[in-house]
Each structure stands twice: as structure tokens, then as C-alpha cells.
Amino acid sequence: MAAERAPLSAGRLALWTAVLLAVLACALVLGAALGAGDVSLSDFFGPDSSRRTILLEVRLPRVLLAAVLGSALCVAGISFQALLRNPLADPYVLGVSGGASIGGVVALLLGFGIGEGIFDRIAVPAFAFGGALGALVLIEWIATVGGRLTVYTLLLTGAIFNAFSAALLYFIQSLASLEQLHAIVFYLMGQVPVFGYRVLGGLALASFLAALALFSMARDFNALSLGEEGALQLGVDVERIKRRTFLLGSLLTGLSVSVAGLVGFVGLVVPHLLRLLLGPDHRLLLPAGFFGGAAFLVLADLFARTITAPNELPVGVVTALVGGPFFLYLLRSRGGRRGNF
Amino acid sequence: METSKARAVLEASSVSYAYGRQGALHEVSLEVRSGEVVGLVGPNGSGKSTLVKILSGVLSRYLGSALVSGDEVSNLPRRELARRVAVVPQEPNFGFPFTALEVVLMGRHPHLEGLGFESERDLAIAKAALERCGAGHFAPRAIQDLSAGERQRIVFARALAQESPVLLLDEPASFLDIRHAVGLYDVVRELATRDGKAVLAVLHDLSLAAEYCDRVYLLRAGRVEAAGPTAEVFTYANLTRVFETDVYVDVNHLTGRLLVTPLSSRAREYLGRTKGG
Amino acid sequence: MKPHLYRTVLGVALCFLACEKAAPKGDSPPASHRIVVMAPAAAEILDALGATSQLVGVGDFVQWPPEAAGLPKVGAYHAPNVELVVSLGVDLLLTTSMQAGGPTHAKLRELGVQVVTLETNTYEGVLSSLRKVGALLGKDEMAARVETRIRSQLEETRKRVINAPRRRVLFVVGREPLYAAGPGSHVDEMIRTVGGENVVAEGVSGYQLLSMEIALESRPDVIVDTSDNRPGAIRGRALGFWGQFPFLPAVKSGRVYYVEPVRLVIPGMRLPEMTALLGKIVQPEIFGEADPSEFLPFDLSGGNGGR
């Protein structure tokens, strides 16, 4: 099956960005319109202020946060895949999520997370983000040998760190009380919480800036697919690119895990799908991932909160249940080809 | 195209390198002028690839001096170095399913700014490079779908698209059949004589080296054993000493160029018997 | 030599048989047991039957009665430490039916411990558990008396609310994510007993992850929130977290209560007391307002409720 694709032009980028932005807009409207209950978009204009409150204070923030998280995870996934030259990498592979999980769980153990003061609301994510940063620093330090960030060592360190975190989490869970256990398990399953607009705005801004910085390296990511040596010989400052990508991608992942736990497959399946559809040129892939990842998670979260109404599913469960089989299907259908993408 | 043979575009002076697993180099001096095809030959581990990496900016902690168009390689900003030196690597590496044309377009990377949407001119250069390598019809195909030999030609085209005055080749035809290998080296010769490029080629095939290279450097264990016009360097004494195996050196009566034939044990036996010891 | 050996072996074998007979496997209930309880409900049943002296060990989460405090802890609900249990000479282990514990229970039975699971999710379940344990300990009459008392107290409560307005109650047991008591939990029964209507009327039984939107749209008249069991948590009648939804009837009338879980959520012999407390919350006009100390953990309510 030939690729049959012309090189990327500014026009094509603009076209696809517009298309995916439209898809995201539709997803947002759908997410805002549908929910477990009866509240609908018309309630925004309607006379019932309580329904408007539900729409604006409970449903909309959650939909918007899903969009922010989806774009963060997808962009992080694409970046790590470029860094590691492997389309099977996901945002959690480099170990930052392990640190975030531990941070979040420690906060839960200390009893934060269910009060209503502003500190309580952000305590768990704040601790988790601290854990993510700690992991990031530690992993980067370990993987830097002789001033150079070795991708191989990075991958190994991340894997070991994840394994260690998982073991530590199991240990913590074995000591926790029943209520704590419950909170921990659900935190780790991946849940889109409801934050106020200020926190949401801050997260969106941070995520957008990080994504923008990664986007500026898009052409370098393309060159990086030729190998570090090949990229160096084309004039790419490979060390700087590697370090920046690791940092920015980990930041996006850390933010995401801190807030929502481990939501899988957004950073793995969506990049892969987009790459199949649009080609591997990162100048298109990154913006596409930004909007496509957002749309994906908005829809997944919509599913998670309506399919078992009045109950809810953790969104990480939905993405895994959808993403897993779909990914296997992708692997099989493309697996016969040499190169296997 | 004007070829100023006096100017040494690529100049290594007493370059030494001894870090990590790379083959070491000891006081290697070398120069390539524009319009020349210079061969770099030697046994495995003699430091040929190391030298190529130093000259292309991959390895930066070397002793001595390596100049490209008069500037020290380690002082040049990477993009500038990439505009001056293009490398055709030994084993092309591809992480993602780019098309052949997209790969060749990456050769324009050092010339582009920002998001770098390639212009009409960039596309034209890339397509011309592909045509020159006889790979024009591959342009829209995914690189993963091509054979090793076809990929090697694409990578060569990419180096051409870089439009650099210096070309470093590391076994560029190792996967090519004789027709395509000769085709590639013909293009290499053209790039030197017609376009005035300075070409340094690492070769294992000594006959090809003899056919295409004006001058040759013979490396052994990181040192230059011999240097000069190919006919002077490729002597029986030099080659058997450096490669530690028997070779037969003769002149190709059709072309007037040297022909180097490594001798198998059977051939050596035969020669020993007929020569009488 | 041989005949002597034969007799020795026979003698030893007879001894073993005799020892076996001396340790009965429970054909008829002996006078006293060595009991381990894994769940608070079971501990309460023993206390009601006056059998706490037979307790030799408790599960990790059993903090009551006071006699239990000094006893060795044998593990979490579903995972009693087999070695510990056997070394305590336990012959009866009481646990609830909620917890998975198949392999461990099988092992314990193999080692001669009688493992009895009690269903305590519902009123009837609690009462039948009471009867079951009563039968095991040979205290059938006492169990019957306790059961009669409980039933009459509950019936009394039901009578008082016959003409009361059916208040819509949201009973929250967890937040982030939102967990509420649904049909199939004893809380649900309690709500109905005091003349309330559980806003969670469908879905997975027991305690379920509830959509916040649904919770809000159900417009509860009363909210009971037992989600926070940390030492410094808010207690009593206060708006707290739910105050951010002023359109809820419960918030408008100030009928939001933060209660220590043990006061309402642990099913057991205190069913009448728990139901009475819930009655004060849901129908204060009939039962009177609750005393602030009733929302606190037990050991704190005795004194000034301070920390």
C-alpha cells in the first residue's frame, strides 16, 4: 500500500487544522449538550437558573478539562514517539506518571482531597505534580551520561521508575484503610474531575504554551526520524531537542496525571491514527494531535458519564476498552507490511 | 562550473580522537579540494567512519583541526555546517513512514527557517536530485516499502538536495547492484568535475576506488599509512601490509585504471605452485 | 521384636483416635468458643448477645466494643492472617458476606476453624445474622429477645412517620468521585423507614458512583454527607461543599448534615439508634433536632467534642 502523499504545504496544514478544529467544536457542543441528566444546552438561556448552574458549573468545566487533558496527552505522546523514534511510545513510558501517581496517592493518604476549601481541591493534583517534577528531575539526571541525554537510558530509566512506582503503590494500597483504598484505586483509574474556571484556565494556558513550544520543533522531529546522527548531519541541535522534548512532554504528562490520574490510549492510539491518516510529518501531526486528542477525550468522557447513567465509569476505563482492541486491530491490519506502521 | 583546484575545501590537520567505542585516530591529516573525488580506504576499525563523523560534526571532542571552507568544524553552528557538508551514511535509518520525496526534502532542512514549508524551488531541487539518482519514480512511495538498495539511492539524493560544496560518502553503494553502484559513482564523479563539489568517499571496493578516486588515503589503526594518487598508493606492498591479506594489483587493459583483486586461499595456493615459491 | 512393635503402633494409633474424638467439630455447640470477628457488625452482635468474653481477636477495622481494643488484630476484611488465627486457637470466625475471601476461608476451614459469613446489607440480613450467631453460641433465646426489641423499635419509628411528608434524601458516602447509597444498602432501608425517599432509586445496588449532574438534578430536600472521616472534618448541620449549589432545596432550608460514617453507615445492632438519628435529620418535626454530639465519632461525643 503506497503512501501516495505529496509533501506538506502550508495550505494542507491550514485545511486539516480547520477540519480538526471543527471536529473539536462539534465534540465540545456534544459534550456540553449531553449528560446523564436532563440538562441541555437550551438551559443556558432558559429560565431555570439551577439548571444553568448545573450546565455551567458541573458539566461545562468537565468537558473543557477533558479537552485540555486530551490535547496535552496526545501532543505529549506524539513528542515522545518522535523522541524515541517509536510509534508505540505513550506519554507514561518515561516514568513521569509513576512519580505523579505516587505524589497523588501520598496526598490521598494524608487525607487531602475531599474537603471543600481551595487547598483541598488542588492538594491532590499539586502533590501529584510535585511527584511528577521530582520524577522528571531524577530520571533526567540518571539518563544524562557525559552531558548527553541517551535515549536508550532514558527509556530504561523510565521503565524501571514505572515498575518501582507500581510496586510502591501496591505496597501503599496494602496498608491503606478501606476508604483510602477506594479513593486511591479510583484516582489511578483515570477520572476527569470538575475544577473551577480559574484553575481550568491556568491548566489550559500551561498546556497550550508547552504544546506550542513542541510545535516549534516539528521540523526537527521530522529530521530526528533519520536517527540522531542523521539529524545532527542535517544541522539539528539534537541534544537540545531531546532535552526540551523530554521536559515539555513530561510537563504535559505530569499536569495530566496530576489532575486526572492515568488516562491511557489518548497518547498512543490517537497519534497513531492521525499518523495513518495524515502522514508522519510532525508539522501537521502536532496541531492535529492537539485538536484531535482533545476531541477524542471529550467524546470518551461523554461516554464515560452517560453510558451507565445514573452511574459513571472512570474515563481511563473507557479509553482502555475502546483503545485497546482498536490498537490491536491497527497492528494486525498494518502488521504485514515491512516496517510495520 | 569553475573548479579551483588550489583551494582545499576540506582540511584535517593532525586530527586525533580516542573516546568511547569509536575507532581511534592518531594525527590524521587529509585534504580534499573542490572538483576532487578522494577515497578513504582501510580495514575495519581503522577509523574511517570516525573521521567522517568528526568532519560532519557528530563527534566534537577531537584534537587537532578540521576545517571546512576555512572554518573549524567544532566552531560552526550546526545549520551552517550542514549547509556546507552533506553526508551519505552507511546504513540509512528511518523511524517513520515518510515518502521518498519527503526524505529527500529533509535535505533542505539546513536551508529552511521556522516551520519551513518547502518552496517550489526546494521541491524542484529535491525532484531533480531524485532524477539524478534514477529514483524519480520512487518519489511518492513510502520509504519502508523500498528495498535497501533503493533506500540507499534516496539517501544519496537527500545529500544532493542539501546543495553543499562538500560531500562525505560512507559506503554509499554497499547495497547496490553493479549497475546502480556504477550509476551512483558516475553521478559522484559528475558532482565533482561538473559541479565542483569536494567529495570524500569511504570505500571497501578497492577497484571502484581505483576507478573513481583521483587521490586516496590509506588508513590503518587510525593512522594514515599512505596518501596520494591512487596508482601510487595502491601498491602490492601497501595493500598487503595494511589489509593483512594477499592481493593482486594490475592495470585494467581496457580502461587503464588499476584493478585490485583480493586473493583467495585457493588462488594463493595456485600462485605459489606456478611461481615456484 | 515384631509383636512388640505391632502393639506400640496400635497403641499410638488408638491414642490419635482418642485425641480426635476429644476435639469436637461442632455437632453441638460447646459452652464457650474462641471467636474472631472480621466486621464491626459481627462484633456488635456478639456484644448484644453478651458474648464478648469469647472474643480473642478482631479484624483491622473493628474498633468497637471497648473490649475489642486490646485484642490482637488479625487482618483486613477478606484476608485474615491464617497463622495468627490458628495460633489464637480460634474455632469460630465471623465475617460479612460482602468481602471476597474464598481461598482464605477454605484454608481456615481445613484447619478446623468454622467460618461463618453474615449478610448485613439489609435489616433482615442483620436480624437473620443475629439469629444465626445466637444459634451457634447456644443463645437462641437471647437473640430472639434482642431481635424483638429491635423490630419493635423500628416499627415504632415507622408508625411515627406514617403521615409525614416524604422527604427526598441524598445520602453521600464519598466525594471525588461522588458515591451515594443506593437501593440494596441498609442506608436505603433506613431512609424509607424514616419516611424519606432515596433520590438514588435505581442503578447498581449498594453504594454507587453517581453522576454529579443526576445528584443535583434530583433536588434533594435533605443531604447527608458521610464522605469525610478525617479527624478535623466538618461535622453537623452546615452547608459546606454543597453550599455551592444554592438552588437545592436542602441548601435553601439548611438541611445539609455532615456525619461521622460510623454513626450511620456501619450496619449492626445499632440499627434502631442509627434509624433514630436519621429520623432526626430527615423529619426533625417528628423526632426533634439531633444533638450536635450525635454527628461525631463515638469517643469524641462523650466529652466536649473537642480535639
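Which chain is which? They are A, B and C, in the order written, and residues in each are numbered from 1.
We take it that a contact is a pair of C-beta atoms (placed from the backbone, for glycine too) under 8 Å apart; a residue touches a chain by one contact, two chains touch by 3 or more.
This structure is a prediction, so every number in the text was calculated from the model and none was measured.
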Next item on the list: Would you identify the chain whose C-alpha centroid lies closest to the centroid of all protein C-alpha atoms displayed?
Entry: A
Next item on the list: With contacts defined as at the top, give the pair, A-B or A-C, that has more of them.
Entry: A-B
Item checked: Centroid distance [mean C-alpha coordinates] between subunit C and subunit B, Å -> 81
Checklist line | Intercentroid distance (Cα basis), subunit B paired with subunit A, Å | finding: 44
Note to self: Measuring centre to centre with CA averages, how many angstrom lie between subunit A and subunit C?
What the structure shows: 41
Notebook entry, point to check: Tell me, which parts of subunit A touch subunit B in their complex?
Noted result: 2-10, 13, 82, 85-87, 216, 218-219, 222-227, 229-230, 232-237, 275, 279-281, 283, 337-339, 341
Checklist line | Interface residues, subunit B side, partner subunit A - complex | finding: 53, 56-58, 78-83, 85-87, 89, 92-99, 101-103, 105-107, 109-110, 112, 114-118, 123, 140-145, 162
Item checked: Complex interface listing, subunit A residues touching subunit C -> 35-39, 49-51, 53-54, 57-59, 111, 113-116, 177-179, 182-183, 186, 191, 193-194, 305, 308-314
Note to self: Under the stated contact criterion, what part of subunit C meets subunit A in this complex?
What the structure shows: 61, 76-77, 174-177, 179, 200, 202-204, 208-214, 216-217, 219, 227-230, 233-234, 240-241, 244-245, 247-248
